[in-house]
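Going in written order, the chains are labelled A, B, C, D, E, F, G, H, I, J, K, L, M and N, and every chain counts its residues from 1.
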C-alpha cells in the first residue's frame, strides 16, 4: 500500500465520519430550537414575528457548526492539500 | 489486496456508516419538532397556520443535515475522486 | 482472500449495519411523534383533522431518513458499483 | 478459509445483528406509542375511535422500520447475491 | 479450524446475541405499555375494556419484534442454509 | 485446539451471556410494571381486581422474553445441534 | 493449553460474568418495586394487604430472572456438560 | 504458563469483577428503597410499622442478589472445582 | 514471566478494580439515602427518631455491599489462596 | 510508509475528528440557548430587546469554542508546522 | 522486563485508577447529600441541628468508601505484599 | 519512523483531541448559563443589570477552562518543548 | 525499553489520568452543592449564616476526594517508591 | 524508539488528555452554579450580595479542580522529573 492509497483510504473515512458525526449535534439543536419555538408560538401567538426572527437567527448560528463539518468534509474529499502534494510528487516522479 | 480493493472496501463501509449514523440526529430532531408542533396545535388550534409554517421551515433546516450525510454517502459511492484517480491509473497502466 | 471476497464480506456487513442502526433513529422519532399526537388528540379532540394531517406530514419526513438508509443498504447489496467493476474485471480477465 | 466460508460467517453474524439491534428502536417506539395511547384513552375515553385509529397508523409506520431490518436479515440469509455468485462460481469451477 | 467449525462457532454466538440483545427492547417496551395501562386503569376504571383491548393489541405488536429475533435465532441454530450447504458438501466429498 | 473445544468454549460463553444480558430487560420491565401496579393500587384500591389481572397478563408477556433467552441458553448448553454433529463425527471417526 | 484448561478458564469467567451482570437488572427492578410499594403504603395505608401481596408476587417474578442467571452460573461451574465430556475423554484416554 | 497459572489468574480476576460489578445493582437498589422508605415515613409517620417491615423484606430480597455474587466469588476463590481437578492432577502426576 | 509474577500482577489489578469500582454503587446509594433522609427531616421534623433509625439500618445494609468488595480486595492482596499455593510450590521446589 | 505519509494521514483524521466532535458541544449549547430565549420571549415579550441582546452575546461566546476547533482543524490541514518541517527536510534532502 | 518491573508498572497504574475512579462515587454522593441538606435547611431552618448532625454522619459513611479506595491505593504503593516478596527474593538471590 | 515523526504524529493528534474534546464542557456550560440567564431575564426584567453582570463573570470563568485547553493545544503545536529538543538534537547531529 | 523507561511512561500517564479523571467527580459535586446553596439562599435569605457554614463544610469534604487524587498524582510524579528503587539499583549497578 | 522518545510521546498525550478531560467537570459544574445563581437572582434580587459572594467562593473552589489538572499538565510538559532524569543521563553519557 503506497502513500496515495493510504491518504485515499483515510480521506474517505474522515469525510464520512466528520459529516456523519458532525450532523448529530446541529440536528438535535435545531430540533430543540424548533420545538421550543412552536411551544412559544402556542403560548404567545402575538409575538410570532419576534419569535420567528429569533428562531431563524438561532437556526443560522446552529447550522453554521454543521457547515463547518461539511466544509472540512468537502476539503478532505476535493481539495485535500496532502493528496495534492503526493499527486504532484507522483506526477513529477 | 491492491489499492482499488482497499478503496472499494473503505468506500462501502463509509457510505453505510455516514448515512446510518447521520440519520440518527435528524430523525430524533424531526420527531421532537413534530411532537412539539402537535402539542402546540392541541394547545392553540387558532395559530395552526403559523405553527405549521414554522414547523415546515424547521423540518427543512433539520432535513438539510440529513441531506449533507446522504450527499457525502452518494459522493463516496458514485463520484469518489480517489476511486476515479486509481481507475484512471489502472486504465492508463 | 481476493478482492471479490473482501467486497462481498464488507457489503454484507455494511448493508446490515446501515439499516440495523439507521432504523433506530426514525423508529424512536416516529414513536415520539405518534405519542405526542395521541396526547394532543386526548387534549383537543376537535382539532383532530389538523393534528392527524400534521402527524402524517411529520411521519413522512421522519420516514424519509429511514428510507435513505434502506436505499443505501439496497444499493450496497444489489447495485454496488465497486462490485460491478470487479465482476467486469474478473469476467474480462 | 475460502470465500464461501467467509461469506457464510459474515452473513450469519450480519443477519443476527441486523434484526437483534434493529428490533430495539421499533420496540421502544411502539412501547411509547401504546403507553401514550393508553394515557390518552384514560384522559379522553370519548375519543377512543380517533385515538385507536391514529395509534394503528402510527404502529404500522414504526413497524415498517422493523420490517426493513427483518427483510435485510432474510435477504442476507436466503437470497444473498454475493453467496449466489460464489456458489455459481464454485459450481462452474 | 475448518469451515464447519467456523460456521458452528459463529452460529452459536449469533443465536445467543440475537435473542439476548433483541429481547431487551421488547421487554422494556412491554414494561412501559403495561405500566401505562395500569396507570390508565387507576385513573379511568370505567374504560377498562378499551384500555385492555388496546393494551393487548399493542403488546402483540411489540412482541412481534421479539418474535423476529427469536425466529432468526432459531433459523441460525436449526435451519441454517450455510451450514446445510457445507454439510452437503462434506457429505458429498 | 480442535473443533469440539472451540464449540465447547463458545457454547459456554454464549449460554452465560445470553441469559446474563437477556435477563436485564425483562427484570427492568417487570420492576416498572409492578411499581406502576402498586401506584395504581394506592390511587384506586377499588379497581384492584382489574389491576392485578392486567398486571399478571403483562408480567407473563414480559417474562416470555426472558424465557426465550433461557430457552436459547439451555439449547446451547444441552441440545446444541453443532456439538451433536461433531460428537457424532468424532464417534464415527 | 489443552482443551480442559480452555474450558476451565472460560467456565470460571462465564460463571462470574453471568451472575455479576445478571444480578444488576433484578436488583434495580426490585429496588424500584419496593420503593414504589413504600410510596403506595404511605399514600394509601388502608390497602396495605393488597399492596404487600402484589409486591411479593412481583418480587418473586423479578427474582426469577436472577434465579435463571444463578442457575446457569451453577450449571457452568458444577454440571458443565462440555467439561464432563472432556473429563470422560481424558479418563478414557 | 501452565494450566494452574491460567486458572489462578482467571479465578482472581473473576472473583473481583463478580463482586465489584455485582455490588453495583444491589447498592443502588437498596439506596432507592431506603430513600423511598424515608420519604414515606415523612409523609405518613403513622404507618411506620408497615413501612419498616416492608422495607426490611425488600432489602432482604435485594441483598439476596448481592449474596449470589458474593457466593460465586467465594466459590471461585476457595472451592473452585476446576482448580481442585488440576491440583489433583498435579498431585497425581 | 513466571506464575508468581502473573498472579502478583493480576492480584494487584483486581484488588484495585474491585474496591475502586465496587465503592461506586454504595457511595451513590448512601448519598441518595442521606439526601432523602434530610428531605424527610425537613418535611417531618417530629419523626426524626424513626427517620434516623431507619436511615442507619439502611446505611448499614448498603455499606455491607461495599464491605463485600473490600473483603474480596483484602483476600486477594493478603490471603490469596492461589498465591499461597505457588509460594508453597516455589518453597518446596 | 515514510514520515510525510504518516503526518498526512494523521492530519486528515485529526482535522475531521476535531471539528466533527468539537461541533457537538457548541451546537447543543446554542440549541439550548435559543430554545431558552424563545421560551423567555413567549413569557415576557416586553423584554425582547434585552433578551435578544443577551442571546447574541451568549451565542457569540458559545460559537467561540466552535471557532477554536475550526481554527485547530484548519491549522492542521493548511499551516501544519510539523508538515512544513518535513517538507523543508524533503526539499533540502 | 523482569518481575519487579511488571509489578512496579501495574502497582502505579492500579494506585492511580483506584483512587481516580473510586473518588467519583463518594464525591457525587457527598455533593448530593450536601445539596439536599442545604435545601432542607432552607425549607426548615428550625431543624438545623438535626439536619447538620444527620448530614455529618452521612458524610462520614460516604467518605468511608473513599477511604477504602485510598487505603488500597496506599497499600499498593507502599506496603505491597507482592513487591515485598520479590524484593526479598531479589535481595536473597 | 524516527523520533521526530513520532512526536509530530502524537502532537497533531493531541492538539486536535484536546481542543475538540475540551470544547465540549465549556460549550455545554455556557449554553446552560445563557439559557438560565434568559429565563431569569424573562422572570425578573428589573434585575437585568445584576443578571447580565453575573452572567458575564460566569461566562468568563467557564471560558477560562476552554482557554486552558486551547493554550495546551497551541503549546503542543507551536512551542512543544520535546519537539524543540529533538530538533536541536537533529540540527546538532 | 528498560525498567526505568517503563516506569517513567506509566507514571506520567497515571499522574495525568488520576487527576484528570478524579477531578470530574468533585467538580460536579461542588457544582451541585453550590447550585443548591444558591437556591437555598434565594428561598431563605435569613438562614444565610447556617447555609454558608454548611456549604463550606460540605465543600471541604468533597474537595478532600479531589485532594486524594492530587496527592496520589504527586506521589507518582515526585516520590514514586518504585522509581526510587530502580534509580538506586541503577546507581548501585 | 529510545527512552526519550517514549517519554516525549507519552508526556504530550498525557498533557492533552489531562486538561482536555479535566476541563469537562469544572466547566459543567461552573455552568450549573452560574445557572443556579441567575435563577436565584431572578427569584430574590434583594439577596444579590450574598448570592454573588457565595457564587464567587463556589466558583473558586470548582476552578481549583481545573487548576489541579492544568498544573499537572504543565508539570508534565515543562518540569517533567522523568524527562529531566533521562536528559541528564543522555548528557552525562
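Following the convention adopted for this analysis, contacts are C-beta pairs under 8 Å (C-beta built on N, C-alpha and C of every residue); 3 or more make two chains touch, one makes a residue touch a chain.
What you are looking at is a predicted structure, and each value in this text was computed from that prediction instead of being measured.
Chemist: Tell me the fewest steps from chain J to chain N, where a step is a jump to a chain it touches.
Modeler: Step count on the best path from chain J to chain N: 2.
Chemist: Could you report, rounded to a multiple of 5°, the rotation needed to superpose chain H's C-alpha atoms on chain I?
Modeler: Best-fit rotation on C-alpha atoms: 25 degrees.
Chemist: Please report how many Å separate the Cα centroid of chain H from that of chain J, as a whole number.
Modeler: Chain centroid spacing, chain H to chain J, equals 47 Å.
Chemist: Between chain G and chain N, what is the separation of their C-alpha centroids in Å?
Modeler: 44
Chemist: What are the residues of chain E that contact at least two other chains?
Modeler: 1, 11, 13, 15, 17, 19, 21, 24-26, 28-33, 35-37, 39, 41, 43, 55, 59, 66, 69, 73, 83
Chemist: Viewed as a graph of touching chains, is the assembly arranged as a line, ring, star, complete set, or other?
Modeler: Its topology is that of a ring.
Chemist: Touch as defined at the top gives a ring of chains. Read it off for me starting with chain B, then chain C, then onward.
Modeler: So, from chain B then chain C onward, the ring reads B, C, D, E, F, G, H, I, K, M, N, L, J, A.
Chemist: Can you check the complex and tell me which residues of chain E touch chain D?
Modeler: My answer: residues 1, 3, 6-7, 10-11, 13-15, 17-19, 21-22, 24-26, 28-33, 35-37, 39-41, 43-44, 46-47, 50-51, 54-55, 57-59, 61-62, 64-66, 68-69, 72-73, 75-76, 80-83, 85-86.
Chemist: Could you list, by residue number, the parts of chain F that touch chain G in their complex?
Modeler: Per the touch definition, chain F meets chain G at residues 1-2, 4-5, 8-9, 11-13, 15-17, 19-21, 23-39, 41-43, 45, 48, 52, 55-56, 59, 63, 66, 69-70, 73, 77-78, 83, 87.
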